[in-house]
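Each structure below is given as structure tokens.
Each of the two complexes below includes subunit A, the first together with subunit B, the second together with subunit C.
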Partner chain A sequence: MRLRRSRQRQQRQRAATMAPAVNAAEAPETLPLAEVSQRRTRSGWRERERAGAAMLAQARRREMGLLIIALLVLTLLAGRLAYWQIWQHDLLAARADAEHLRVIQLYEGRGYILDANGNILALSVSRDEVIADPDVLRSVDALPQVAAMLARTLGLPQPLVQRELDVPGAYVQVRNAEQQLALLSLQQSDQVNRLIAAGSLPGVALLPVVQRVYPDGALAAQVIGFVQADDGQGQYGIEQQYNTLLAGQPGLLYTAVDAAGDPLATVPQRRTAAVPGANVTLTIDANIQYWVEQGLADTVRQMQADGGTVIVMDPQTGAILAMASEPAFDPNQYGSAALADFANPAVSSTYDPGSVMKAMTMAMGVESGVLTPNSTYDDTGAAVVDGVTLHNWDGIGHGNITMTQVLQYSANTGAIWAAQRIGDDRFTSYLNAFGFLQPTGISLPDEAAGARDQTSAADLTTAENAFGESIAVTPLQLVMAYGALANGGLLMRPYIVASVAPEAGGQGTATQYGPVVVRQVVSAATAQTVTQMLVTSAAESEAQMNLVQGYTVAAKTGTSTPDTSDPTQTFASVIGYAPATHPRFVLLVKLNHPRTTIYGGSAAGPLWRALAQQLFVYLQIPPDANGQPGG
Partner chain B sequence: MRRRPNGTSEPAADAERSVWEALASPQPHGLRQRLRATLWQTRTVLLLSAVAVGLLALLYLHVVGDVALANSQLQTLHAQHTRLVRQDEELHQQLGVATSPAYIDREARKLGLEPTLPLPAPPLPIPPSVQERGATGGQP
Partner chain C sequence: MFNRQRYRWTELWLLLLPSVFLLVGYFELLIVHNLSVPVTSHNLPPLDAFTPIFGLIAALFGAHLLLVIIAPDADQTLLPIAGMLTSIGVLMSLRLGPDIGVPTLGLKQLAFAIAGLAVCVLTVWATRDLRWLRNYKYTWAAVGIVLVGITLLHSHSLSTNAPSRDVLNIGSGGLSFQPSEILKICLVIFFAGYLSENREMLAISNLRVGPLKLPPLKHLGPLIAMLGLALLIFLGVKELGLAILVFGLFLSMLYVASNRPSYIIGSVVAFALGALVIYRIFPYAQQRIAIVGNAFDTTPPARIAYNAGFQIVQGLIAFGNGGVFGAGLGLGKSWIVPFSHTDYIAASFGEEFGFAGVLALIGLFMLLVYRGMHIATRPRASFNQLMAVGLTAVFAIQTIVILAGNLKIMPLTGIPLPFVAYGGSSLIANYIIIGLLLRLSQDKS
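For the complex of A and B:
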């Protein structure tokens, strides 16, 4: 009962609260609730529909307005976009490319130069040099600290480094006490990089450079040449002759880079592969080259000569085993060398060879059939040719002597006698056949051809050429010609490059170079005959100082005085091959203007003998003379 | 107390409320319903688009992150390669020096070794008579 009353009370209260919302006029009529509801719904809905339609129309107008504005804005933007993307495309693309695209050169390194045994004669090494911005150092007041740290790392005196850094401007390369770029080792680079990363070296950076290094120093410097540091071009010698092959071709990488300048792998890259430099292997044997250079330097010093040249060649193949000249230079420090020392006199300098040419004259005569080793003539000590009197070197007449004795006494008149029987034309033909008056074709730059005196009459020139005057030859031409005598009359082209091989991973195949027969100059019998003449004359003349115990040696001395006003200015030389029974090497020793003694036998002979002894041992050549000197 | 049309008695407030509920109920041809349906569809499309864009962004960031990581690794490997190349060059240089005849000669002498053959042989004296006669070419 109580619960019912409570519910009724609640219903009354609810009705009272709802009452004001009902139309007061209709309330007394007490219309059915559904009709009230229907009426109210209809009228409210119409009103709302009308209001909604008005709002919709208004919204549509606003939308249209906004659409038009948006379209205008979009049109403007599209126009602007078209302007930048179409009309200004190239300019923008170029600017963008310049901002983040780089063409990076990819170096594969210059090839090695190796000796015949694979020892490294030249290689390229990447090093870092230290660069700094002195303005930055001064602005942060860190110059003394940076100088101290760099000095400690580089092993240089601190005052020197501080002086190097304390210069006006914004860029400096740190140099050592010799004013050369301070190039860092790998460990030093690591240390400096750590300091830079730690922020201890403000305004300091490392710049990689490629340095050409010659581990043997001056060894074979004139054969090898050097690489110019500023443009990486080979100069002189093999470095110049094979520059293109040694250098290879740098590759190109077109890529975007990050802020540090490192290539980004996240963007498309275009790459042109680099061609690594080829390795050039020489026929030079570094050990023989070293003995030759040491001996030549000592001899030049002892003989107070201006310089000299030594060549060792294998007569069977034409391979050059050693080629040295004094004065030489260190290609690691080519900047401090004299320009004249860069050239290789063994191939680019000519000289009057002197009496060493008499062996050629005898070979021409024997081959022509106009003389034999036993042919005799009356040596009066002088001969008149074209009105000019030519004397023996000592002015002595030896009477009736053989051609072998002509070599033994080095009688000029005997050579003239032989040349007159050979004849000018045939003599000239033989000169060419022996390889004189033309480059040998060796793969070295600036090779000279040589020349004959053109100012005198032909018969006088021939007579003088017969004993090695009025004709200019290179040391290599002479070695080549003697090589023919040693090799059964077969003239071999001298060569100094054994192979050119691509670097591991490089394209192409190795190119091997081997013996090249130029021509048969004289018959094997003639070569044998002249060899025997040389062996005999060497054994019985002043040249016997060149002989080596147990070996047959075919050798000839020569002394020429191109400047007749000063007969002491001579070219003194000894050339020969051994063992004469089966020659393994041709050896030329030539001194320029020796002053201690001016003659070939006494000035160049001792070195010839010492080097021949070394070669017999080193090349393991068995004795061929039963312990008798000179066979 | 008011009576309902079916004869049952209900409060007037309840009737009023049902009117409004009827108004609020979905009507297939009403403007509000159309707008509301459109709104729901738009919301759904936007939501799905946001999810799709989010997924794509996530995928893109993942790929970019991977590539950036690979790029960083590539640069590290490149630096290591450069260092190894330099190390190789330095070792070759040391090898070149160690195999050079001059170095071997120097080290051998330090160990007390001497060349078996003296270089060069001492020059032989030329007789004074020969030196005095001078030279005019073609000498020995």
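For the complex of A and C:
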């Protein structure tokens, strides 16, 4: 400290001694002017001048110091600038693009969904909605007049429109009393456009809104799905599965926008052409679908069931002719439907099918050669497997009966007897061969695979599976498996989309979908044998599904009680195909928890019969039984 | 008078740079505004469109000619540097005006520039004798304080909670000016006058506070009082930038005048303590600091800060989008930065001229500061020296404070970028400073 201070003093002294030299040039100028009498004063002044000059000289060094500091700081700022403008350029430029560039999507309309006969099941229409800028309305003090005029034109109550418009901000969509967008009719759009052109509606504009319309309402709703209004994305069913193709490629308009979101003319625009959405044609026949849905709804009501599913399939191709479930929903008003109703239970719900599985068990036994339709066993009404006693559904023993009678009486012990001869391994591999325990591959979303109960020993599970318990299957899997029996043992992949074709005049090629053979599950002879067993047992059974004049029917009832604590909670079903000699359709009717009567034959049978009769007529199927009921 | 020796040839030649820059830049702007139409020899912008630009160029050369008459030996680089910076400002205003919804922005700035050049020459003419500035230093100080005081009362009556600007509206013609721009010049004159008179006194130290030696309080008193008053006023109108400016120029001048590191250290410590107290008391100050820290943070807890930091982030996006060579004049999108023509003029410029352009801009300011300090090293009169230091410091500090704010180094302030930012008061005040520096440059040893 001391040292430093003394050095400062030295510097000051040195500066002081140097100062006269600096001012030497001026000295001769000033001195002659001085008068002798004033010498003393002048020398005092000169002292001060010298000291001042010394100070100035020192100050110059400090000024240089200041300059260097300033330049250094500015250089550092330039470095920071380089960080933002060069190092962070990519990141910030991306953010800049995100803020300035808008990609405006120009959709050319979503494709149609058509039924097998070309009826339109889903289409898109464009309607106008009213948008307004409340800030503008307020600034020109026109809110009440505009509200009144809009209310009159749209047929909405004036206070409602006034309330809708008088919100903070610069953007509002006019909604009706149900809080839905007020979509205008063509006439209303015309009127509003005229008013806007006349300048009577400042801050108001029309915006086209593309709306998905389902002309037949709830028809095949779970197959078709719906389109979410806010983002235009297909949800559930075909709308979801084929969303990309249906939507097409929107034309993209890349443009810079100003703060208001309007495209700026000063920035070059780039646009890509839109590809219109493709039309999807289904194998569904809207007529069959309609009868099926009417019948199902009636039956569910009559039987006081929670719901139900009906599937009609062409066994020779695998084409789905109808697929319906209750409860259904109206995709035009999907917003007011229950979320649980959107999914398609025909493919995404599994259940224990019950006795209808016995047909598969018999087919496996016949194909393996361990039994024939006439093999007999002693039915005591119960069987013990792995220490567990399994009963017939009615607990009655029928004595010495054939396999055909097992189907007729729906004796569980007979199915167990057959399964034990088939064996666990063979039974399991046949289950897989019939298409159970895996998705069928139909082009619908959210298909379930099904599963076997894994908690019990293998032989107990197999014994239970033989009469359709402890195994979860989808309704479609059952229809597919029965289809194999109806089709000479040839398992067909069920399909619901017949073709995807571009809009007329559009680009791209049409894709046709046809029958796909999965595998030969059992031989044609086995299929023939089991069909005959089903025809005979159906004719003799109490359910009497075959009371259709002139047609042979191969069918089986099923009643499963998944909830062991409440045996009245059943899945009641009938599945079968007809005519048995040359099957044209496989028909499944399944009811969830019917209460009027809980058994497959009595609850689902009547609808099965009614629908089969309509199908014989509609599909112009010639009788095959010479006017005799049954085969 | 027009003999070759005394004619300001250097200045004349250098003035060609802003002229060419203005013509080329304005030509590009005219083309960009009609970008959808291909440019051919048939639809070039009409010559009439260039009239305002020619007006500004004429004003530059007019000022040059008047300087030849009234101050032939004054510094020849100041006017071209200021002219170049002004040209950048005018072009940016012309370019931003239509995009921010004020189509007349450019023409207004152009009018301010011409007025500024006139005021500049007027200042040079009026300060033939610099002593009257020094002799009336208290008067100048009083004028400045009163002007700002009126503004303070005025803005207080409006009672807005937002960070206000010290704007005084004159009459009902929509004319307004910022008294702080005049105050900073008044303060420099006062400090220079006071410090040069009491230089020796201040160098003597009788008081000791620990290891620090302090000058007699009697001499320090008026200085501290003046400084304190100015700082209080700016904190009153929540203008942190102006407080930094006043304190910075005071510090620079005190340092040059006294050679007392103890003063500098003492002042900085006092300022730091004061800043800490203010940070504790005013939530507004805390918020400003927090914004700098987490401007980019979009996580929910910092949501408010994000909204408040919107301007900073937008400014950085504009800078970053420019890259090395920029988008080109008229082709940036900086209008979405709030205050793109005032607080964020550097970002707007940076987006369209790139890193290269801003580097050149910083270079121009370096040149300006260098010339100012060069002028400050030569006077024989202590008052002149200190005034040149103070006036140069005004430019340097303003540039640093606003650029640092723009570049997210310190809180953003309302300090305008000299000559470039839109605004009449600032531009005219800066030209008064140029006029004073021109006159000061004639005092050389």
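Brief remarks follow.
Just so we're on the same page, the second predicted complex is superposed on the first by the 463 of 631 C-alpha atoms of A that agree within 3 Å, B and C clash if a C-alpha of one lies under 4 Å from a C-alpha of the other, contacts with A are read in each partner's own complex, and residues count from 1 in each chain.
Note that a residue touches a chain if its C-beta (ideal position, glycine included) is under 8 Å from a C-beta of that chain, and two chains touch if they have at least 3 such contacts.
Everything numeric here is computed off the predicted structure, so don't read it as measured data.
Contacts of A:395 after superposition: subunit B is touched, whereas subunit C is not reached.
In the superposition on chain A, no contact is made by A:199 with either subunit B or subunit C.
When the two complexes are overlaid on their common chain A, residue A:56 makes contact with subunit B and with subunit C alike. Applying the stated contact rule after C-alpha superposition, one finds that A:387 touches neither subunit B nor subunit C.
After overlaying the two complexes on the shared chain, residue contacts for A:86 are found with subunit C alone; subunit B is out of touch. Set against each other, subunit B and subunit C touch different numbers of residues in subunit A, with B touching more.
Of the two partner chains placed around the shared chain by superposition, subunit B is the only one that A:410 touches, whereas subunit C remains out of contact. Within the superposed three-chain model, A:67 lies in touch with subunit C and out of touch with subunit B [touch as defined at top]. In the superposed model, A:120 makes contact with subunit B only, not with subunit C. Subunit A residues 22, 52, 56, 265-266 lie at the interface with subunit B in one structure and with subunit C in the other. Chain contact summary for the complex, subunit C toward subunit A: residues 32-33, 35-36, 99, 199-200, 203, 211, 252, 255-257, 259, 316-324, 330-331, 333, 335-336, 350, 354-355, 358-359, 362, 365-366, 369-370, 373, 376-377, 379-380, 382, 385, 389, 393, 396, 399-400, 403-404, 407-409, 445.
Here subunit A touches subunit C in the complex through residues 1, 22, 51-53, 55-56, 58-60, 62-64, 66-67, 70-71, 73-74, 77-78, 80-82, 84-86, 88-89, 91-93, 95-96, 99-100, 256, 258-259, 265-268, going by the rule given at the top. Residues of subunit B that touch subunit A in their complex: 1-5, 10-13, 15-16, 18-19, 22-23, 31-32, 64, 67-68, 70-71, 74-75, 78, 82-83, 85-87, 89-90, 92-93, 95-97, 99-102, 105, 116-126, 130-131, 133-140.
Considering their complex, residues 11-12, 14-15, 17-19, 21-22, 30, 32-34, 36-37, 40-41, 44-45, 49, 52, 56, 109, 112, 119-121, 123-127, 185-186, 189, 213, 215-217, 219, 262-266, 286-287, 289-291, 294-295, 298-299, 302-303, 352, 354-355, 358, 391-395, 410, 412, 415, 464, 467-469, 541-543, 545, 557-561, 564, 567, 570, 596-603, 605-607, 609-611, 613-614, 617 of subunit A touch subunit B.
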